[in-house]
Each structure stands twice: as structure tokens, then as C-alpha cells.
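Provided herewith is a single structure, encoded as C-alpha cells, for subsequent inquiry.
For reference, chains read A, B, C and D in written order, and residue numbers begin at 1 within each chain.
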Amino acid sequence: MRKYIQQLKDLKSLIVGLFITGDNLRKSTVTVHYPRQEVHNLASFRGPIELLPKPKNPTQPRCITCMMCVSTCPSGCITVVKHKAPKPSAEEKQAMAEAEARGEKVAKPKAPKTPKQFLYDYSLCSLCGLCSEVCPVNSIGFSSDVYMVCRRRSELKLDLLARLKAKADREGRTVDEVA
Amino acid sequence: MLDVILSPQFMRIVLAAVAVMAFIAANGLVLVYMERKIAGHIQRRPGPFEVGWHGLLQPIVDAGKLIGKQLFTPDGADGLLYWLAPVVSFVWVLPLFIPIPFGPQLTAFEMDLGIVLILAFSGTNLLALCMAGWGSNNKWSLLGAARAVAQSVAYEIPLLLAILAVAFTSGTLDLSNTVKLQGGWPWQWNIALQPLAFLIYFICALAETNRAPFDLPEAESELTAGFHTEYSGMAFGLFFLAEYANMIVVCAVATALFLGGWQGPVFSGVWWFLAKMYALLFLMIWLRWTYPRVRFDQLLNINWKWLLPLSLANLMLTALLTKVF
Amino acid sequence: MKHHLSPEQISGDFYSRRFEQGPDEDTLILNMGPQHPSTHGVLRIILALDGEYIMRAEPVLGYLHRMHEAMAEHRTYLGYLPNMGRVDYLHAVAWNWAYVGAVERLGGIEVPRRAEYIRVITCELNRISSHLLWWGAYLLDLGAFTPIMYAFDDREIILDLLQSVSGSRLTYSFLRPGGVAFDLPDTFLDEVKAFIPHMRARLPMYKALVTDNTILRHRCEEVGDLPLEMCRRYGATGPVVRGSGMAYDVRRAEPYGVYPELEFEIPTENSQDAMGRYLVRMGELEQCLNILEQAVQAIPEGEHLIKGAPKPRWKAPVGETYFAVEGARGKIGVHLVSDGSSTPYRCKLRAPGFSNLSLFAELAEGTLLADAVSILGSLDLVIPEIDR
Amino acid sequence: MNDDVFAGIPVLLEARPDRNRSGLLRDLYLIPEGIVPAVERLFAAGYHLEDISGLDTKDGILVSYHFDHFEKPGRIALRVLSPHDTPKVPSIANIFDGAQWHERELSDFYGVVFEGNPNPTPLLLPATDVTTPLRKAEASRVSLGDLIDPGEIVQMDPRFDYFAPKDNTDAESKEAEA
């Protein structure tokens, strides 16, 4: 008998539950009503990586093509193509040959340290941040691009140099302005 | 023969059938919208919002989507039963609306045994669930159908007894008469005389319409989707519509039996009926979004150990009191 | 009567064919999953049913198997870090911690005290978010739709907090051998301090809406009776063993980090049923808040990553180590063997869910299908962790 | 403290590793036949099985069983070395039921046969395609002694000489020659 009375008493919890959901029905919604509203904490989101520009030239990355990021990335999603060393002209060649003949140290023309291409496959990236940690010149950072969408996987293969330039254009910053 | 067809009564029934179809479809859409909006706001989110003003057109678009979807028969299914089930489920809901007195004049067909007709036809929905469960050639559907049978059979008894108690007090099985015998103010309603019968009726109605917390035949976390696991497109849509139509029927019957029907303190009319009916529907929706689901043996225990004895006692007490007074 | 079908007539794959050999004619063989709403992902369970009573159950794993252990043997010690967030995406910080802890133990790397506190704070926040998600999903299993939305409302705050530290919202990989990758943002501690009373104020609502609900109690009480002896036979840990009355918590049994300095209780329940496991997790929510409260007070200033922390080409000294931490689901263990190169020679991951799920077959026997769903939910399974 | 747990069980090598480095309290290398009685003792002493780990070395596949105690924490590792061509180890799934899955997992990964496992089917890998993904290539295998530092050796069977202090013996023999 006591069991049945207890069961009847337990029915009170059902009423309590109704009051709680009813109370919430009365209250305003808590969801972010995208696209009418947007979330505010995008700044702390560490999204797809981006190249950081040189302080004086917003279209040029700080990258010195040391390849640390490429070798560190666990997913192998970064590809950096170096510039080839410029071919010495005929005169330079001759000058070099003469210098060599004189037994001097020959300064061969060096390849520019800036990257020719900086490709990034976002579809492979796991956003661990190791690339940005190992970068000696702090050239890799995270973007807070949460709204990136694409239809094809190939669209996630990003050319970071182009994106850097596009960003500079978007922000209307040019070399001259900064200088 | 011709004079039968041309008789006003027959014409009235035909007209009523068409009107009922329209009513079910319209109310189905309203209910779907209402359910989703209430669920949304209970969960602190806006619910459908994008199609039309505050998502008003969402149910219509959903219906369009369901109609546009491909219908296919699963491998090894019994074609006849499989396709008959949703049709049966929907078609047999229509007669249920015929004796319901929405307003003083707004009754499709007043009949002396209106309640009996509703009780008789409401059992056929179960047949549809059985056909769907067996015809689908799916084990989940079969389990869902088996649950539906046990649940429906069990809960029909206290439902019947609760209605009988009201029939005893008002002395009629005609729904229109039952309404007329009640007054406009809440204390003149049958619920004041029969609160326990109303409670039992409402719980049984939840179980009969497979609404949470008694939605075991389609318990999605246990049986994926129960009896309609294999259905797609409008075949599923018909089940869906029939479920909502059944909800409307049980709430309409409750309104007529217990809540004074179209009678109100002021301006008696169909609007009072609809308002009371939707209040009950709102309660059903509210319950669904609050409670977990009961287990199957508990469901039957509630019926056999609580509702049945209570409704029997209630009926006997009612009979005694009507005899004495 | 034995099955009247010949083996060729039995459809299904390797596992269901093996299963179907032998049951009686009236037995229903039911394939629950890998696509089923309450198996939480891609777990598959083959059931032999008599009516709705389960006569035999056999989980079939591997639908989410990614061979994380082999990946470890092909990546550098640091390069393996992002994997850990993907093993158990609900308590990623604990898995991160188990791995970096093993690496630190192997290499004898010190961790700054500030980093230890950052780890504790993020790990406990992550534990709360994991339990909240479990709570919502469990109620979903039991047919209540609304609680998960309330849980997500609170979980969202935690995700925002963890995002402000780690930059990601789910698969955190910001722990490093020798500390953490990023220091806390300036407002973080204040936000955690504000979160603690908020969460405390929400717990009574959870209790009134769900824990006290008589339908829920009837669905959980005396369901999935799990004696302590059985926990031991299967190696169950975490809330599962604590729900059976054993106060076993790796944070106390094998102290790591700064947990010895923090005061907290180990909630246990003696009822040994699904309700016991439920109540343990609800109790842990409160204890996590207690730990957080102490940790945000005690966190010292200082560096967040020790100088000379392993670089990507870091070579671990030869040896083996075993490091265990307490995850939201139980004991997470990492068994690391190094041959002195820059990649692990062997990395064995001990997933708590693996052991916890292995007892399901015995636990589900003789219960109703609906109870099996309740039991499965009460074990708190994360399939990617079990399959690895 | 519970030295009597393994009393009478033939032990190839028993070590007390540095607990702060290895996380182990005791470390025992057993012959395959010794594993079942040893695990039975642990079961009786109230231990639970944490996991079973494999290790592909030059000297064979090392199967490590990790046990811990709920009330008296302290990890005990039992190990069995099994040859590459016929890796057979007796199953302990009849003592600790949870071992069944761990053994099946190890069979998937290393091809170790656990004799007596009640359900010896693939667990995580496809049943139709049996591979042993964690077995290493012949060339990249490292010998046991170069992988594991056993710590202080309590007792050692002379046949089990993987951890024998090689440099020292060399030095001793040189001294002897001198």
C-alpha cells in the first residue's frame, strides 16, 4: 500500500516538470538567430591558417621558406615552393668565371627567400597549430574565418599568397600607404 | 435508390465528408506548426522561422516535400498491406468527425449513438498500424505494431469506462445532447462532476493516439521509427496526418464530453469549441516535450493497475449516485 | 526447435551469420545499428530477442576504427597530438593530457605550475561539457527531447570558454609536452568565475526537471544491475564503477598534475543500477565546479610552457611508460614505448569506453529492449574512443 | 607488499621499474604457460585488467597485460614473449571476461592467437580481410633490450637474457682476460 501512495506522491514531479518547461516556454530564446544575428567571439576562433604580412608590406609574407612548417605538419597539408635562383646573365657569368680564376670567393646569385607558392590544403588540416609554433619568423597565424564554405573538396586547397594579397586589397592597404 | 442519394441527409453526409477532409488537412497543418513552434520555444529556440512570416508556411512546404518524394516498396514487403495501411489509417479517421458537435448547428450528422460510432471506428487505426508493421517486412516495424496492439487494446477499456461514466450522468450517448445538457460556466461542465473520468480519459487518449510519454509504437530511440520505419513520402505523410487527426478527435470528444463543447460563459459558439480543443492539444504537445518515455511493461502496469480499477470504481460510484439522486 | 533455415538461406554478414546459427525458431535476430538512434554513432549490436526480451547481445565494433595506434608509429611525438582530440571528441582535453603526460613521463619533462592549473581548469570544464552532453543524449534515449537543449545551452558557455583558450570548440589539441600551447586570455578566469555560480544555479533545475521525474526514475532504477565484482571482471572504470559503489578515481588513485592539492569528493552510489551511474555523473558536475573554484583561485602567474619544451624533431629517450588520467568515461591510459627516435615505437591507447562496453553483453541479457537502450546510455559510450 | 601473489609461479624475469618513469609498480616476464595461473592469482587478489598491449620487437611479440587494483593502486605488468612465426598465448578471457575484447583486438593488430578465447573473431578490423597492421617490417624491429629499461632486476632466469647487462659482461670478461 505504501508503495502505491509513494507512486501517487511521485506524480508531483510530473507537475513540477511541466512548470519548468512552461517557464522556459515563456522565456525568450537563447539561440543565435543566424543570419540575422552572429556570434561575437569570432576573434578567438583559430580557423584555417593564414600568412602574416611583413610589417611594411601587407602583400608580402614574412616567410623565409625555411620549410619548418612543411616538415612539422602532421597531416602534410602545407606545400611551399621556393623561388629558383635567378640565372646569371652572360656578363655575370663571365665575371664569376674571372673571379673564380683569380681564386676569389664566388658569390653566386641567391634565390629570393620569399616563397614562390604557399599552398595549404584545409581539408587535411587538423588545426593543431604546430606550424605556427615552429615558424621562426612568426609568419603563420590563424584566421578566424568561420564562414568558409565550399562545394568541392578542391576548393579547400588554398593559395595563401593570393589570400594574403586579397586580404590586403580588402582592407585597402597598399605598400605605399604603410610606408 | 435515387431518392436516397438525393435525400438531404445523404447530401449532408457527402458535404460533411468533404468539409471534414478540408478540416483535417487545415488543422493538421496548424497542429504541425503549433507543435514545432511550441517545441522550439520550450527548448528556448525559435522553431521554424525561414519560410513565410515566422515560418508560417513551413508546414505547407513540408507537405509539398512529402508529396514530391519518391514512394517505394521495400524488398520483400507485402505490397497490398504495405500500401493499404496508410490509406486505411487516414480514411477511417474521417467518420470519426461526423458526430462531433463543433457548434450548435455545426454537426455533420447528429446521431443518438455518436459516441459509440467514434469508439467503434477509432479501433480501426490499430488495424492500419498492424498492416503497416506486418507488410513492411521489417523487424522494427513488426515490434512497433506488436506494441501498438497491446497498448491500444489495453487502453481502450478505461477509455470506454471513463466515457460511460459521463454517459451515465448525462443519460445520453449523443454528443450534441451531452453538450446541450452542460452549461456555459466551468462548474456546469461535466468535468466538475467527473474530474477523475476526465483525467483517465485524457491519459488514455494520449496512449490511444501514441503521444509521448506513451509513444511506444514509434519510439525512435528504441524502434528507430516503429511501424512507419519503412514509409517515405506521402505514405508517411498520411500516417502523420492520421495521427494528428486522431489527436484532434480525442480532444474534440473530450471538449464535447467534459468541457461543455461550444458552450461558453458568453457568446456560445464554435469558437469556444475550437478554443477548448486547442487548449487540450496544447497540453498534449506540452506533455510531449517535457517527459521521458515510459517503458512498455510500465505502460501496461499503469493501465491494468491504476486506470482500470480507478475507472471501474468511478463508474460504479457514478452509477450508484445517479441511482440515488 | 532449432532454426529451420540452412546456413545458405541466412542472410546478413559474417557476424550476423555466426549469430544466427543455433537460435530457436521463434527467436528474433535483430540488428541494432550501426545506424540506430540510440547507439550514439556507429555501434552495432546483434540481439537475439524473445518478444522484447533480450536473450543474447553481441556488440560488433570497428565501424569507426581509424587505427590511431598505427598512426602514432608514423608521426612525430608532437605530430601525434591532434589525433588525441579525435579519439574522444567529448573529453578531448583528458586524452591530450594522457598523451602529453606519457611523453613528459618518458622524457622527464617538467611542467610549469601555471600550465598544470590551466590543464586542470580546461580538463574539468571539458568534463562538465562531456557530462552535459551525455545527460542530454541519455534523456534523448529515454524519449525526452527537451533536456538536451537545456544542456547545450550551458555547454555552449563552456565551448566559448574553451574556444577562447584553445581556438577550437571540440577537438582541442592545445596541450603540449611541458605545458600548454597558449596562455589563458585575460578575461578567462573572470569568465570561469562567473560560470561557476551560473552552472550551480542550473543544477537544481536539472534535478527537478529530470532527476526527480518519476518516469525517469522508473526507467533507470533497478535497470542494468551491475555488481562491483562484474565491474572488476571487465575492467570497468569511471562513473560506471563509481555507480557500483567503488570510489575509484585515477585523480586520487594515481595522482597526477596538481590534483593532490585540490579538494574534491569522489561521488559514489551503492545502487549499482543505471540510476546510480546517472547520479554519479550529476554529482561529478558539482565536484567539477568545486575543483574549478579552487583552481581559479590558486592559479599562479608564470610561464605556460617550459623552456626547452620538445620541438617537433624531439627524440624521446629509450624506454616505456604508462600514464593514466581520469576521463569523463573512466581511466584513460597511454602506454608509450620509445626506441630513441623521433616517432613513438608503440603507442597503446586504453579507452575506458572499450572496457565499459564489453560488459554490455552480460548486462543486457534478460532485459527488455527498452532497458538495453537505457543501459547502453548509462554506460556513456563514445564510439570513436572505443574503436580508435 | 604482496610478494606472495606470484609465489610458486615460474618467472623469467622480475623487475622493479622506476615507478615515476614507467608508471609500473611491478614488472614480470612469464612463460606462456605461466600467464593463466598468474592471472588467476591476481583475480583472487582483487585486481582488475586495464588493458593488453602488444609490442613488436626483434625478439618476438611482447604481450603486456596491465593490472591495477581499485583499493590498493599500483600497476602490475605481466608479459609474455611470443615468437613471430607462431605467436600463441593462452587466453585469460575465462578469468577476466573483459580480456576477451582486448585479446581479440591484439589478434587483429598482431596476429597473436589467444588459445581458449571463447569468441576468437576479429573485433575492430574487417572479418574478411585479416591483416596485422601493427606488425613492423623486419628491418625496423628493435630488440627488447633496446626498448624497455626494466629497472632494478629482482630475479632473472638465465635463459631470459634480453636484459642481461651486456656492456658489463663484456667489461667483466675483458677483466677476466686481463
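Criterion: a residue touches a chain if its C-beta (ideal position, glycine included) is under 8 Å from a C-beta of that chain, and two chains touch if they have at least 3 such contacts.
Predicted, not measured: the structure shown is a model, and the values here were computed from it.
Look at the CA centroids: the one farthest from the centroid of chain B belongs to D.
Judged by contacting C-beta pairs, the busier of the interfaces A-C and C-D is C-D. Chain geometry summary: the mean Cα position of chain A and that of chain D are 45 Å apart. Work out the mean CA point of chain B and of chain D, and you get 66 Å between them. One finds 30 Å separating the Cα centroids of chain A and chain C.
Our note on geometry: chain C versus chain D, Cα centroid distance of 27 Å, whole angstroms. Counting partner chains per residue, chain A has residues 14, 17, 20-21, 24, 30 touching two or more of them.
Counting partner chains per residue, chain D shows two or more touched chains at no residue at all.
Annotation for chain B: residues 42-45, 289-291 touch two or more other chains. Viewed as a contact network, the protein chains fit none of the simple shapes, being neither a path, a ring, a star nor fully connected.
Taken together, the chains touch in the following pairs: A-B, A-C, B-C, C-D.
Only residues 28, 30, 36-38, 52, 139-146, 149-150, 153, 209-210, 213, 215-216, 218-219, 368-371, 373 of chain C touch chain B when the two sit together in their complex. Remark: chain A residues 14, 17-18, 20-22, 24-25, 27-31, 33 touch chain B in the complex. Residues 39, 42-45, 139-140, 143, 212-213, 215, 219-224, 288-298 of chain B are the ones touching chain C in the complex. Within the complex, the chain C residues that touch chain A are 75-76, 78-83, 85-86, 146, 150, 153, 160, 163-164, 166-169, 171, 173-174, 181, 185, 205, 208-210, 212-215, 217, 311-312. Those residues of chain D whose C-beta lies close enough to touch chain C in the complex are 20-24, 46-51, 53-56, 64, 66, 68, 70-71, 73, 75, 77, 96-98, 100-102, 109, 121-128, 133-134, 136, 142, 146-149.
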